[in-house]
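What follows is a pair of complexes built around chain A, which joins chain B in one and chain C in the other.
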Partner chain A sequence: MSRGALLVLADGRFPAGGHAHSGGAEAAVGAGRVTGAASLEDFCRGRLHTTGLVAAAVAAAAALGVDPGELDAAADARTPSPALRTAARRLGRQLLRAARVAWPSGELDALAGRFPKGAHQPVVLGVTARAAGLGPADAAYCAAYESVSGPASATVRLLGLDPFDATGVLARLAPEVDAVVSRAVGAARGAVGEGVDALPAASAPLLEVGAEAHAGWAVRLFAT
Partner chain B sequence: MHLGHSLSHGGPDAVSAGARRPDGARRALRIGLGGPVGSGKTATVAALCRILRDEVSLAVVTNDIYTREDAEFLLREAVLPPERITAVETGACPHTAIRDDISANLEAVEDLEDEVGPLDLILVESGGDNLTATFSKGLVDAQIFVIDVAGGDDIPRKGGPGVTTADLLVVNKTDLAPHVGSDLARMAADARAQRAHLPVVFQSLRGEDGVRDVAAWVRERLAAWTA
Partner chain C sequence: MDGVNTAGVRAAARVRACADGRGGTCLPVLEGDGPLALRRTRGSGTEAHVLLVGAMSGPLGGDRLSVRADVRPGARLRIGSAAATLALPGQHEAGARYDVRLTVAGGGELHWLPEQLISVRGSELQITTHADLDHGARLVLREEQVLGRAGEEPGRLTTRLTVRLAGRTVLDQQLACGPGAPGGWDGPAVLGGLRAVGQLVVVRPEFEEKPVTARELGGDAAVLPLPGPAALVTAVAPDALRLRRILDGASALLAPARD
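Right, the complex of A and B next:
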């Protein structure tokens, strides 16, 4: 694996559309559930062990070469909210565009041909990791970290939260990111032999419900 | 004109700065409109649509900051059929969506070409932002920066990437100049000094045909694009 390539892919400035999404933080702030650094940490911890774990496992499985079509269907089944399914495919399409320029590869071209309107973002992330010479753990790290870094940076904008406090939240969650990645990669290796049903299906109902409500807001800063 | 070649090596195009669509047809000319909040970008887009819609096939992408207000204004004014107007959500940062991470905007322009094309022209409007907000060359072929006389007549002198480098600088709301004490001659001289040979248009959309100079500039770009 190339640690340099991992840094490029994991960079929050990688131009793949993530900046327009809060990962449910805007809905949680609006509902009064996230009000400062402590409640942001709770929110991120919940997201990491549910959505984050699932995304990391799907990404790792894609990096291991599990069929993208099956993984896309598995991600659909694990995403009850139609708004989040639409957003995941849109982000997948945006990531694919950037990835095909950064790491040109036949597999990425084939994915674009098969899913012209986008596959779930973690699926694209895993195939991108393969194209970049990265492994399943790298793909899982990108997905797991993104599941908490997105809400943290969005909350800085939404609440005027002290950016050092928000970064402190991410630093405190780092050991849990390691643990989630380890679980995700184990499940992904299982999926290679047993199929996608071996992938985790942890879900955070309030994230799904909040996303549906948020999609109906007339005034909002973030797309999700 | 930006005629960058595709880096793809098979399958659908990875990037869309190239002048051709995947089927080989010429894609639409893409013109960006940026500038500070309230300077008259949406009004200029609306006026351009009214004057150009019978001449060319066109569509609009808006980048609002926190609502779909600009898109809804264009819909309400019925300057184009609704399927020709797309709003991109920008996560509180329009300048990111038009410059640093253009993926959502590229999708919007490609989807418009797929769904209502063939198109000759797509106007990409930025949400109101600051004087440093400019469009990526990967997204637009040319850009218009819109300021207004009421925002302060020292803006051309202060410069900044929008004022200095935009392909066309529009100084809007000239009818307000006497009421806000703005010196149009000074603004024109400052703009000339900042922009060398790049063009500047002074306009008021209050008057009949107020957008004609900008429309003429757009027609020139279209002629060069299709030449």
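Right, the complex of A and C next:
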């Protein structure tokens, strides 16, 4: 693996549109459930072990070469909120545009041809990792870290939270990110032989419900 | 029943519903054992009604329980339960497992409406519900989990709900909560300190023509259209009563219009 390529892909400034999403933090702040660093940490921990784990496993499986169509359907079944399915496809499309320029590859071209409306972002992330010469753990790290870094930086804007405190939350979660990645890669290796049903399906009811409520807000800072 | 021993109870209940050729539904298979007894109760119209009766307390740690319901073309079956199910601590280190498998053929209809599952302090239960539907099948499935009796900490509970429609998995959701569950389960992304969580899945071929639209319901609940002619209602509430009220309201929203 190339550690340099991993930094490029994992960089928050990688132009894939992630900055426009709060990962459910805006809805949670609106509902009064995230009010400061402590509740942000709880929020991020819950997201990491649910949708973060699923995204990391899907990304790792795609990096291992599991069929993107099957992975996309598996991601659909694990994302009951239509607002979140739409957002995941939009993010997938944006990532694919950037990735095809950064790491031109036949597999990325094929993915674009097969999913004109976009595939779920973790599927694209995994195929991008392959194109960049990265492995399943790298793809899983990008997905798992993104599942907490998005809400943390959004909360800095939403609540005026001290950026040092938000970064402290991420640092405290780092060992759990490691654990989630290791679970995700194990499950992804299982999916190579047993099919996508072997992937985790951990869900977060309040994220799903909150996403639908948030989609109906007239004025909002973030897309999700 | 295979018997009670140190490994816990193993018990299975099975029901098969078929069209009886006279516009009604017959039940050529209706059997249960140990803590799982099935009773046919008075049906309504063309629909057969079956009640799952808990003949023992449980599931306890170490128990392995399973329910199979198979609905054939043209049959209509409604399954309820006589009381809430309590997941209780057992003598064994191993947790309990409860496995529900539902199959519905095209033109068949199943209503799976058990009472709440209550995760009692110190218990450990893994519950899996798998519904497999052919094209043209109908399903109303409601599951409710209550974390602890009043004022009590919950046990360890893991649920997984999978719905397959004409060979495609349209819903696969797992929820883990209680002591030892991955962190954040009680936090603002997952259950937010609320103690009752429920799912209602409705599959109706009519949704192909008139798709369900996503909408937020009052409280922490939403109607979520799934890929295919299916919708999920996810709800989180402070207690079982309020949860049931939300799901009953959602169920009325998704039911066929009365003539």
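As a working rule, the second predicted complex is superposed on the first by the 224 of 224 C-alpha atoms of A that agree within 3 Å, B and C clash if a C-alpha of one lies under 4 Å from a C-alpha of the other, contacts with A are read in each partner's own complex, and residues count from 1 in each chain.
The working rule: a residue touches a chain if its C-beta (ideal position, glycine included) is under 8 Å from a C-beta of that chain, and two chains touch if they have at least 3 such contacts.
Quick caveat: nothing in here was measured; it's all calculated off a predicted structure.
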item	value
Contacts of A:160 with chain B and chain C, given as first, second, both or neither	neither
Touched chain A residues, chain B compared with chain C	C
Touched partner set for A:193, first chain B, second chain C, both or neither	neither
Which of chain B and chain C A:206 touches, first, second, both or neither	second
First (chain B), second (chain C), both or neither touched by A:77	second
Touching partner for A:175 - first (chain B), second (chain C), both, neither	neither
Contact set on chain B toward chain A in their complex	7-12, 14-15, 65-68, 89-93, 96-97, 100-104, 106-107
Contact footprint of chain C on chain A as seen in their complex	24, 28, 31, 33-34, 39, 42-50, 53, 73-74, 76-78, 80-83, 176, 197, 200-209, 212-213, 215-216
Complex interface listing, chain A residues touching chain B	13, 15-22, 90, 93-94, 97-98, 100-101, 104, 106, 108-110, 112-113, 116, 154, 157, 218-223
Chain C residues within the chain A interface of the complex	160, 162, 168-176, 182-192, 197, 214-216, 220-227, 232, 234-236
